[in-house]
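Shared between the two complexes below is subunit A, which pairs with subunit B and subunit C, respectively.
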Partner chain A sequence: MVTYIIRRLVGALVMLAVVSMVTFSIFFVVPRLAGVTATDFANRYVGRAATQETVVEVTKKLGLDDPVVVQYGRWVKGIFVGAEFDYGAGVEHCPAPCFGYSFVTKKPVWPELLDRLPVTLSLAAGASVIWLLAGVSVGVLSALKRGSVFDRGAMMIALSGVSLPPFFTGLIALSLFSYGLRITAPGGAYVPLTENPVEWAYSLILPWLTLAFLNAAAYARLTRAGMLETMGEDYIRTARAKGLRESKVIAKHGLRAALTPIVTIFGLDVGILLGGAILTENVFSLPGLGKYATGAISTQDLPKIMGFTMLAAFFIVMANLVVDLLYAVVDPRVRLS
Partner chain B sequence: MTEHFLDVKNLQIHFPTDDGLVRSVDGLSFQLERGKTLGIVGESGSGKSVTSLGILGLHKGGRAKISGEIWLDGEELVSAGAEHVRKLRGKKMAMIFQDPLSAMHPYYTVGDQIIEAYRIHHKVAKKVARKHAVDLLGRVGIPQPDKRVDSYPHEFSGGMRQRAMIAMALSCDPTLLIADEPTTALDVTVQAQILDLMRDLQRDFDAALIIITHDLGVVAELADDILVMYGGKAIEYGTAEDIFERPEHPYTWGLLGSMPRLDREPTERLLPIKGSPPSLINVPAGCAFHPRCVFEGRTGGKANTEVPELAETEGGHLVRCHLPREERRAIWANEIKPNLESA
Partner chain C sequence: MTAPLDVSGEETKATPEAVVTGLGGPKAIQGRSLGQIAWMRLKKDKIALTGAGVVIFLVLVAIFAPLIVGWFGHPPNEFHEEMIDTMTMRPKGGTGISGEFLFGVEPQKGRDLFSRVVYGARISLLIAFFATMLSVLIGTVMGVVAGYFGGWVDAVISRLMDIFLAFPILVFALALVGVLGQFETQLGVQGDTLRILLLIFVIGFFNWGYIARIIRGQTLSLREREFVDAARSLGARGPYILFKEILPNLIAPILIYSTLLVPANVLFEAALSFLGVGIQPPTATWGAMLSAATKYYTVPHFMIFPGMAIFITVLAFNLFGDGLRDALDPKSNR
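== the complex of A and B ==
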């Protein structure tokens, strides 16, 4: 068990290293191949007004004309021990973990990412709880009342749920509940949990529901299919033959088995979500990682994009690891060896 | 009322489906006393499992249409409420299923599943139930029961799993035990061990035992009475001696001829029954067995028009066939028996 975990941890680190090389190549090497020069990068730091000499000097100081491997090495080193930056206004220290300096704000990327993280965490935590509870309960009821009006209705809504993107449902929800009925907070009104928990929940309820709706729909369909399958298993008949109450047969024997794949997918979904819910955060103007990423992309702020990508990759790799370990806990037939 | 411990009277279990009405059990009657064993034998699809689930009340609340009477220890179960029958399940009547790997929950230990069965009907602490589970596992011949109690079903061998399943069924001292193809999923040597175990336990528990099988060989040494089913109906019913020594129905002869024998390849059958069992939606008119019966021509055209009655031939031995009694006996004595013996 312990060796398994260690092996998986090492695997996760290797995975992250590979991701970092690939993203570094995509963002720093590919543009060069397409004709973007080292001084073009330097230009992004010093601004259009700078003289040619300053640009060349900054290019040297930042090492932008060094071989790619050296640059990658410097970037990785920065993550572990920090780095010094000089983009023309004197040497600045960027403490570890240093993911570089933003082209635009001229500030280290990492603290900005950390700043955005609580928003994304808040969004993910609330939404995931809602969609898990709602999706699973609707799925179970649908399976038990298969073919009923409830089942048909729920599955129709679920189908629309999985096919409607959040920028559609979110905008409708906003105009309906915030601007129409005025019962929820308008977009961009995020309040940190530490400041005021009630306001926090109030500011997030609509984004939560919007994001949850999308996933709840998928989970309802998944749970329904899983329950229909497990409730037909032989061990369900055995449980009934023992004289077990039907409610217990459903919860303890049916749902227990149907939940296994759901737990797996839930872990992965939350992992992906921790890297930012790009659509939802943009619709509701939530200053989370997803909004940060779209901002970085629209200003072509490569260090930010790199930092964001690595953080998102980290969450996904970790979620995979957790799910694998969890799987062995949930299903005793899976042996960790 | 009835003086029998278990008395099933004219039981019908029909399933309305999109394709038509499935007459899985169609007018079945039999009796059983405590300490006695009844074998219900028939090819797959003849309605054996539906019958046993029906006795346990497991069709209640479903789409099945059930009529007739099931008397267990002086109580009628077809008309009883579902909740009342649920409380009898596992306690008064218990069941052992065919494939213990799929019949046990893969996510719970064997011990937990036995503990659950016990605690449904006994309000005791988990510890007490666990002790009981260990005792039961020991009693059904599982070595180191105090350790194996924490194993998962997939960690057991097929035979051990079936023993655990038996332990679970016995956890509340049921007086009626139904074993539906208890050895079909096991290999031959393990089969014999499980059958021995069931015989011993039945003696200890003084339970009424129903063994359901498609293989007459399984009940040859265990059953006091045997009921042969075909197309949802009884076609021959008598003591084990009646069925093995003086069987009178052509289908029973076929079953006897197709018993797997230890001195032969398992695939080699002496007198296989040609064709396949009838669909229970479109049961053949007349005698349900007539499309496959070698003696159909000897019944004067009645076989495909008139359903034969289940009639007594001698001393409680019942047969459902148009052939005159003397002719059946003559065929058995002159054509079938010598063939089975010489082969």
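== the complex of A and C ==
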């Protein structure tokens, strides 16, 4: 078990290292190939009004002329031990984890990311509870009443759910409930949990439901397929034959086996979601990580984009790791192979 | 998950497997090819056929968009300020829907929504189809090579798949379209053409991991089958076994997952356009139309038509893909 954990941990670290290399090359090497020069990058820091000398000076101070490998090394070092930054206004210390300074706001990226994290966490937590409960229970009921009106209706709705983009359902929900009936909060009305829990839930209910609908639909389809498969297994017949109550057969023998793949996917989905629900946050103007990322992309603010990408990848890799380790606990075959 | 199908190498040739004689009729029982079996099942699946019908309809709409718009609409970028109430900037009468403007007009500019939705189908399907082809091509090659050769080749490719699946794809695609958009001079193309090529590349390139994983799994199990052993013992070499023995058996999963990848890519393109990095205005795309509609909550028809266009397209492909899976691989449960 210990060797298995170590192996998975090393795997996760390698993965993050590769992601960081790809991220760095896409944002710093690819633009170079397109003819963007080191001075162009320096320009982004000092602004267009700066004199030629300041630009050259900043280029030198930030080492934008150095070989790519050196620059990559400096970037990674900044993440682990922090860095000294000097883009003209004097030396500033950027503590670890340092993802550099924003081109636009001239502020360090990491604290901004931390600021946005609670919003995304709130969104992910609420939505995932709703979609897990709704998706699994609908899926189980559908499988047990296969072919019934309920099953057909639920599966039709579920198929529609996976075919609807969240930015469409979100827009319709907003215009219907927030602007038409005026029973939910309008877009952009986020209230932190620590400030007022009731207002917090009120401001998030529509984003939660929008995001949950999409995923609940997918989970209902998955749960139904899984249940249909396990309920056809021999051990279910055995359980019934030995006289167990049907409710117990379903819950203890059927659902338990059918849930394993659902839990895996749930872990991965939450990992992806923690990196920002880009579409949902944009529709509802929620100041989370996803909104932060799209804002950074529209201003081509490279340090922000890179910081965000690394954080999002970190969540995904960690979710993968947790799921793998949980699997090893549940299923001894995994850790032996 | 699709299990390997119980049909060996040649599927196109239907050879009689058993001929019943002397049992009251000359009627021969013929072995059916996979294609025939699938078609028989698909014919009975009304929902899947409806999906297929809608897909064909949408493709025709996309191809003949200029003709359709010529008959029923106005040029997609023609302003119709006469349709707009100058006080509210909303269409006169709420939506502007009439025999002349089938889906009404946009607020403010008064462009014909019907024409824009029809032209949007072109961009959406074009990008989704070619991106799917790219993903399937990369995914199949990677999956077959990883599954067939095994060893370190498999280890490297599998890691690569994991990495691609670990990327926050949407962010990467968003950023990459922005970064690559600066290559106008190097690529020698610009405007819509550049954007379309970029989107096909970015969407196709980030989506091969999933299909490669499935193809790899299938190849792994096919490699151990008797007919492959037989071919090898007859002296067949690697490439022959790969292309003539294994690849034909992968047609079914490739077909199924391509059909299911198209709607995913329609959604992906719409998402990118919604976030403003897709095809640039004034060219009409469904995602960009929805993005514009966010400013007009009180003009619901402006969001409903492009939104429903996305929904119907994606749903039709999903229905058809599900039906195709049931038809080609009856062992799988939906």
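Throughout what follows, the second predicted complex is superposed on the first by the 328 of 337 C-alpha atoms of A that agree within 3 Å, B and C clash if a C-alpha of one lies under 4 Å from a C-alpha of the other, contacts with A are read in each partner's own complex, and residues count from 1 in each chain.
The definition used in the following text is that contacts are C-beta pairs under 8 Å (C-beta built on N, C-alpha and C of every residue); 3 or more make two chains touch, one makes a residue touch a chain.
All values reported here derive from a predicted model rather than from experimental measurement.
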Subunit A as common anchor, with subunit B and subunit C clashing or fitting: fit
Most subunit A residues touched (candidates subunit B, subunit C): C
Subunit B versus subunit C as contact partner of A:272, first or second or both or neither: second
Partner chain in contact with A:105 - subunit B first, subunit C second, else both or neither: neither
For subunit A as apex, the angle formed with subunit B and subunit C - C-alpha centres, to the nearest 10 degrees: 70
Partner chain(s) touched by A:148 [first = subunit B, second = subunit C, both, neither]: neither
Which superposed partner A:320 touches (first subunit B, second subunit C, both, neither): second
Partner chain(s) touched by A:229 [first = subunit B, second = subunit C, both, neither]: second
First, second, both or neither for A:25, with subunit B first and subunit C second: neither
Touching partner for A:242 - first (subunit B), second (subunit C), both, neither: first
Per-pair minimum CA distance [subunit C against subunit B, superposed on A] in Å: 12
Residue ranges of subunit C in contact with subunit A within the complex: 162-163, 166-168, 170-172, 174-176, 178-180, 182-183, 185-186, 263, 267, 270-271, 274-277, 287, 290-291, 293-294, 297-298, 300, 303-304, 307, 310-311, 314-315, 318-319, 322, 333-334
Touching residues on subunit B, where the partner in the complex is subunit A: 53, 56, 58, 86-91, 94-95, 97, 99, 102-107, 109, 116-117, 120-121, 152, 154, 168
List of subunit A residues in touch with subunit B within their complex: 233-235, 237-245, 253, 256-257, 260, 330-333
Subunit C partner contacts - residues on subunit A that touch it in the complex: 15, 18-19, 22, 26-27, 30-31, 33-36, 155, 159-160, 162-165, 167-168, 171-172, 174-175, 178-179, 221, 224-225, 228-229, 272, 275-276, 278-279, 282-283, 293-294, 297-298, 300, 305, 308-309, 312-313, 316-317, 320
